[in-house]
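Shared between the two complexes below is subunit A, which has subunit B as its partner in the first and subunit C in the second.
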Partner chain A sequence: MKRPLRLRLVLRDLGAGAAFGAMAVSGQLPLWVLGVFLLSLVLALSDVRIVARHARLSAVLLLIAAVLLGLRLTSGAMNAVVAACAFAGLISAQRMLSTPDSSADGQTHLTGLLMVAGGAALSGDMTYALCLIAFGVLASLSLALGVVEAAVPDGEPVPVRSVLLPLSGGLSFAVAGAMAFFILFPRLNWAMVGPRSAPGFGAVSSAGFSDTVRLGGAGTIKSNPRVVLRATLTPDPGREELDAYWVGRTYDTFDGQEWTNVVGAQRTERQITLRPASDTLLHQRVELLPAYGGRTLVALESPSRLGNALALTPTGTRASTVQLHGGGEVRFTITAPAYTYEAYSLPPNAKADASSGLRAEERDQLLALPEHLDPRVAQLAASVLDGEKEPLAAARKLVSHLQRDYAYTLEQGGSLEDPLADFLFARKAGHCEHFATALTVLLRTQGISARLATGFFGGARMDGGYLVRAGDAHAWTHVFVPGRGFVTVDATPPSHRTSQGFELIEKLLALYEAVEGRWRQSVVDYSFRDQFELASKLVRPPRRTAEGAATSSRLPPMRAWVTAAVVAFLVWRLGRIVARWPRRALRLEATRFLDRVDALLARAHVPRREDESLEDLTTRLARDGHPLALALTPLTRRYLEARFGGRALREGEAEHLLRTLRRALDAEAARHAHKPDEQAGPTARAS
Partner chain B sequence: MKALARPPFRARLRALLRPPRTLSVTKTGRTYLVVTFGVGLGALNTGNNLLYLLLGLLLSMVVVSGVLSERCLRDLTVRRMGADAAFAREPFAYRWAVSRKAGHGFALTLAEDLSPLVGTGRLGYLPAGKELVVRADLAAPHRGPVRLTGVRVTTTWPLGLFAKTRVFSLEGTLLVYPRRGYACREPGQAETGPRGESGSPRHQDGTGDVAGLKELAPGEDARRIHWKKSAAAGRLLKVEREREERRIWKLALPPGLTGDALEHQCEEVAAQAHQLLGAGHEVGLQLPDHVLRPSAGAGQERRILQALAWVGFEDVDAITKQEAA
Partner chain C sequence: MERLAAQLGRAVQGKPTEVQRVVTCVVAGGHLLLEDMPGVGKTTLAEALARACALSFARIQFTADLLPADILGAQVFHSQTATFSFRPGPLFRQLVLADELNRAPPRTQSALLEGMAQGQVSLDGETHPLPSPFTVVATQNPVDFSGTYPLPDSQLDRFLVRLSLGHPAPDVEARLLTTRGAASPLASVEAVTGPEELASLRDFAAEVKLDASVAEYVVRLAQATREHGDLERGASTRAVLALGSAARAQALWEGRDFVTPGDVRTMLVPCWAHRVLLRSAVQGVSARDEAAHLVEELSRKVAAPR
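Entry: the complex of A and B
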């Protein structure tokens, strides 16, 4: 058996790896399947084909895996698509490790194709496109090398470089063709049920809200650069950095160690109204990404309405109702890796009288203090305020005191019995939760109502919207001001409110997010409406505004130049083809004439020699004084004129010339009746 | 040079109706098309844009496959080089010369079109402007002239999904010799040479002075061995004299045979001739309408084989006979 080309096998296995990657990026495959496949891939790349020696054992293992996946599927613990994809990955792994014959190659490529199709059903990430292209390129190269390798005789080298050049050109055309098909093929299905979001490979919830906030926890989240939220604001603030608070929920009860709420779940509706609406609400279309990991809706301060939510589950998009909880928290009722919803918030500096929305027990809690509160806390508040009773002024005094005398740090000293006293009197350093808790409790000791708010602070500009990272998670204080409602007061030093991650990583992630956003907009969400708009733009280009017309050039737009160039090229090619047609017909006629002359000469045993043209033959015969030269000379001249000179043979002229030649040949045959026949060589040629 | 004989009407009609390229789907290609169909159904059913993207890539690969295979078969020139000797029911070496003026050719499979010859020649890579010889082990089921109408060139380049075939019209004739099997019968008595008591049939000493020494061939008389020289050389050497004694056989093919009997007899005579000529004798052949004078050597064996191959095909025109020669 011929030893297969190593490079081809490597390309085949890498192609299968890319196809598996198209599924794995969804993050929905079981970990043991990931482990088995990666191990198999490493072994296959090391040319260790263990299944070749243990084919039956591997078949039994595959059967056991199928049973396990089936059990998980029937018990509802696993999606049918995920189970099918996982099994395809295991089959691919088994085929990679088996003897590399043609059937194993074909099955590996087939399972790769199925895995890529499964990946399309599982994931909508941009990494899927990279895996798809990688699979297409690697599998095509492997297939092409296999085709050539099968035709190369044993012992001869496979011309790898010669194969790669034309194939790479073909693959480029294939990718371009795929894009053209994608753009132009009419979307017949209006219901987009494809997965727009998956948990992602290795995804962990990093910024979700919990029912309590416990002081003393590590502040590692501040260095997490993952994007948890995308939002489009109307009207658009147009700022590069959004200095705004995204509130998720508030806490009213502090027991000395953690914050909780006194009120639990309340009503469930499609849309929850928290505050009375005004005419100038700030609209937000928010997308919570899998890295968010929670079910709490967030909105800019101060939220008025939240709802119209869609849960992006692995099996498709579903509408979700929302439920109001204590502390103004609004939660999705469906658990999904990602969500989209709409929110309306009051504009900044607007009066937000929310006291009417609070229950009596909640209102009572706004002044509640822990049972064993350190007496020094109240003394500190009194000394700082120095008799100030106006809530907002008092809060600002305390904020300036805290920001002046206390340091910001993410390092914690472990679990403490009284973390607030430790922050205020011992370490004098803490993170946003310490600052916010200290301000809230200090205000309450002086009879000013306040509560703790949690959510995010900031937002980076991206494609007309804003991105919020897990590191932007933040805590601050709501101070109740009679007549204005709750006013946001932040005790944390301004430089430490946003993400504390590495700038380079954040920039890279922002770039990735920008490309990912484009990918989602252009590919995942591409619809019949986009096709219609594209066609409309081509047929009827949008009119330029007066300002745009004044500033831009008077030259036609770029697409007009491109269209004109394409049309010109096509016309030129068509012209070339049309112009070539009569010349080709002319040449064919001349060639047929030559064939008939050849046939006559060969029948008369005056064949042309190898590589001898008719002109050479005529010259040779004339030089030898052969009688046939007289008949051949005009014939040769007319052939050359018809073949190369563009002067076609007239109707009947060919027959006349051939008759003349035939007569000359007959006369020659009569003269040399006794001459032995010459033999014609087998030099037929076709092209 | 083009073919001399005009092909029969049926062949011309078949050539006229035959498309310039034929396309067949390979086993891998069938699976590929089924998966593509499934992906297309999935895309239409779910509206998943990624499935549309995948479908676009799969269909584009089909188009690219067609374009690349067409480029592979275009501007190709095929020349038939034929075989040195073709024997019925035995593999024989057959050659074509393939070249391209421009562009490369990959994974070409060559075969004789519409002929009973079985077997293909393969060429992995054909560089531009270079003529390569493709060798194949073909087999013919019967002896006699085989009419060749064209050369079929097939490629599965680039992905092995489809096999595209182009037939190059190339007229010709291949003469298939009878199989040289085992001769069951003795060739009979030699016409000239020692007989009876005058000498053993195997004892051919020759007469005259010693002309030289030659290695003893299998089946030759051991009494001709020159033992001293053989011992010195370490191999068996026989004595050759000025007048080597050769015997003359005249083989004959009985008239009136047809079908299997004729085939069997032709094979028998071919085997006897091969055996006798290999032993250095002169062999002649008596056919019902043709006589070959006794002679020795490889040329005579070829003449005998040609004559035997034509038995039963005497009505073929002279041009075809000339081609086959």
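Entry: the complex of A and C
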């Protein structure tokens, strides 16, 4: 048997891997199936076909796996689709590791198709589509190479380069065309046919809200670059970095160790109004991503109304009600990996009197101090304030004192009896929760009402909206100003309020999240309405030319240079390819010409030995004085010149030469037809 | 080239293909090994070649007692001046006929080696350049083995082409009888070219274009000989290069400035049959034919570019 082309097998196995990936991205496959498949893929890629020798054993193992999956299916522990997908993956792994003959190839590709179909039933997100495209491309290349390999005679090298280059070009066109088709025409929503995966990387919660804030918790969250929240603001602030507070909830009671909330109303409605609206509201469309992991709605300070909540569950999008808890916290009533909702907030300087809504017990709670407060705390507050009674001025004095004398650190002091005293008098360093707690308690010792607020600070511009990361989680202080309500005061040094992670990882993640968001918007949730909007946008000429010019002139020179360099490189590569084109075309043309000559000669039954080239044939005919040699000699010479001598056939020359040959062949055939008659005559007579 | 071949054809009648190979070999700048039984015109061919090209010629009859100094030359003491001076041997000619090369001991055979490969002779620490062009035409008798030293492989590899003339056809032989008489056939050979022209011919041959696909074809042929089950040793890299230059000269002979796979196939057996080593223990003529047969079979098996 001929040894199969290694590249084709690698492409085949990678294609199966991509198909498996299309299922695996849903995150619903059992872990052991994932492990088995990955191991088989690695073995197959390193050309270790262990099943080839133990075909029976592997069949028994497959049977056992099938029984296991069936048991889990009947016991209700596993979805039928998931079980089928897992089994398809196992079959594919077995086929990859068997002897690479044509039937194994076909079965591998077939299971690949099955897995892609299974993946479609499990998830419809972007990574799935990428896997689907990868499978399509790799499997096509592998199949095409297989066809070419079968056509090439034994012992000759397979022209991999000359096959793959045009094929890759054609495939890129096909993929681009399919994507254009996908966007131009509306389609079924995946969510209607099957379970749907959540946006973002899996459903691992990294941020979120607990009912308490405990000083001395883990500090790694500050460097977590995962995006937890995506928001579009109207009116758009248009800034690169948003310096705004996204409040989640507030706390009014500190017991020396942790903050809790003792008072608060409880309501469940479609829409919650926290404070009366004014006429300059800031509208936010917020999407909470799985990395958020909580059920608390956040909105920019100071939220006025929250509602229109949708939960993105694996079985589709569902409307959710929201519930008001203590501390102004609003929660979804449904648990889902991701949510969207709308919020209206009062702008930071809006005049709104919230004091009227505050009950007496609530106001008393804002002055409550821990039972065993270190007496030095009150002394410190008194010495810093120096008689200042006006709440905001007092708060500012304390803030400047804290920011001047205390350092920011993410290192934890460990489990302490009195973390506040440790921060204020011993370590003199801490993170945002220490600063906020210190400010709040210091204010309270001097009879000024204040509470702790937690949420996020900041927001990075991306794709017309803003991204907030897990590392942007923050705590700050609300100071109650009579007649004005709560005013946000932040004791944390300004440079340490936002995420402290690596910039590159943050940028990459932000890019992925932005692309993913756009994918959901334009593919997963694409509908007739979007198509209509696109069409009307195309019909109507764009009117914002001036604005466009302004943005383009603001393009940073660095980015422009890099873009230009990339474009130049691509153009150069394209130029190289185009420059090499004529030579290859010329060679191919000569070979094509030879094919046509061969076909003509075969049709005319010119006697020719199996391994004889046109050159040999012509030489032989010329030596024998065959009449065809006259027509063949110039033709052969021109072919050889074009093929090996670098002098291409002129336009129409091939046709001319072929015509001459055809005429000569016809004459030869006529001569032959004549001769048998002559020969037949005498014999007939003789008999 | 054709003029040259015509002159040679006068001396060695009825062998146009072999004569053409000889010319090709000389134009390619290689050395020639003629392997044949005595009396078929090997010496005549070599002498005619020297005459037609107007090359200085020497014939060395190799015998069992021939020493290297006999062919290379020696330091001679001049009693008048009391100095040594180098007296060049018969090798210092543009065309050297090494007759019955395999009769000389290996030591003498290998004395030829440096001359053939480097075009120079080292003697007593001094290097003496050989005249240019320098061509060795060696003959050996494949039938009579008694008292011979078979050529080592390294020496065989240095011959570009190995040919055997064989007996002339009966009609040619008959014509020889009637026309030749007492006159030497060499008398009719005229000088049609000189060393300078030969050198320029060699330059032309070196400039003949060898397409990448043809080069790849040659390499694939070499690969096939190396992987062949019946061959102890396949074609060396020197053999690949030799085939390339021989095919170039062949293309020039055909009046082309580029090499075709046909040229490669034409020169394949003369170029490589003596360079491969058979696994089987056959010797002599049958081994030679077997090797030629195997190499030719390979040329049919390995697909030519098209």
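Things worth noting here:
Note that the second predicted complex is superposed on the first by the 355 of 687 C-alpha atoms of A that agree within 3 Å, B and C clash if a C-alpha of one lies under 4 Å from a C-alpha of the other, contacts with A are read in each partner's own complex, and residues count from 1 in each chain.
Heads up, the rule we're going with is that contacts are C-beta pairs under 8 Å (C-beta built on N, C-alpha and C of every residue); 3 or more make two chains touch, one makes a residue touch a chain.
None of these values were measured; they are calculated from a predicted model.
After overlaying the two complexes on the shared chain, residue contacts for A:F644 are found with subunit C alone; subunit B is out of touch.
Touch criterion met: A:P153 reaches subunit B and subunit C at once. Of the two partner chains, subunit C is the only one that A:T619 touches; subunit B does not reach it. In the superposition on chain A, A:Q403 contacts neither subunit B nor subunit C.
In the superposed model, A:T273 makes contact with neither subunit B nor subunit C.
Of the two partner chains placed by superposition, A:T260 touches none, neither subunit B nor subunit C.
Which of subunit B and subunit C touches more residues of subunit A is settled by the count: it is B. By the touch criterion defined above, A:V175 reaches subunit B but does not reach subunit C. Of the two partner chains, neither subunit B nor subunit C is touched by A:T232. Across the two superposed structures, the residue set of subunit A contacted by subunit B and also by subunit C is 153, 156. Subunit A contributes residues 106, 109-110, 113-114, 116-117, 119-121, 123-124, 128-129, 132, 136, 140, 143-144, 146-153, 156, 158-159, 162-163, 166-167, 170-171, 173-182, 185, 187-195, 523-526, 595, 598-599, 602-603, 607-608, 677, 679-687 to its touches with subunit B in the complex. Residue ranges of subunit A in contact with subunit C, taken from their complex: 153, 155-156, 587, 591, 594, 611, 613, 615-616, 619, 640-641, 643-646. Interface residues of subunit C facing subunit A in the complex, by the touch rule stated above, are 209, 211, 213-214, 224, 256-262, 265, 300-306. Those residues of subunit B whose C-beta lies close enough to touch subunit A in the complex are 1-4, 27-28, 31-32, 35, 38-39, 42, 44-61, 63-64, 67-68, 71, 75-82, 104, 106-109, 122-125, 127, 150-151, 156-160, 168-172, 319, 322-323, 325.
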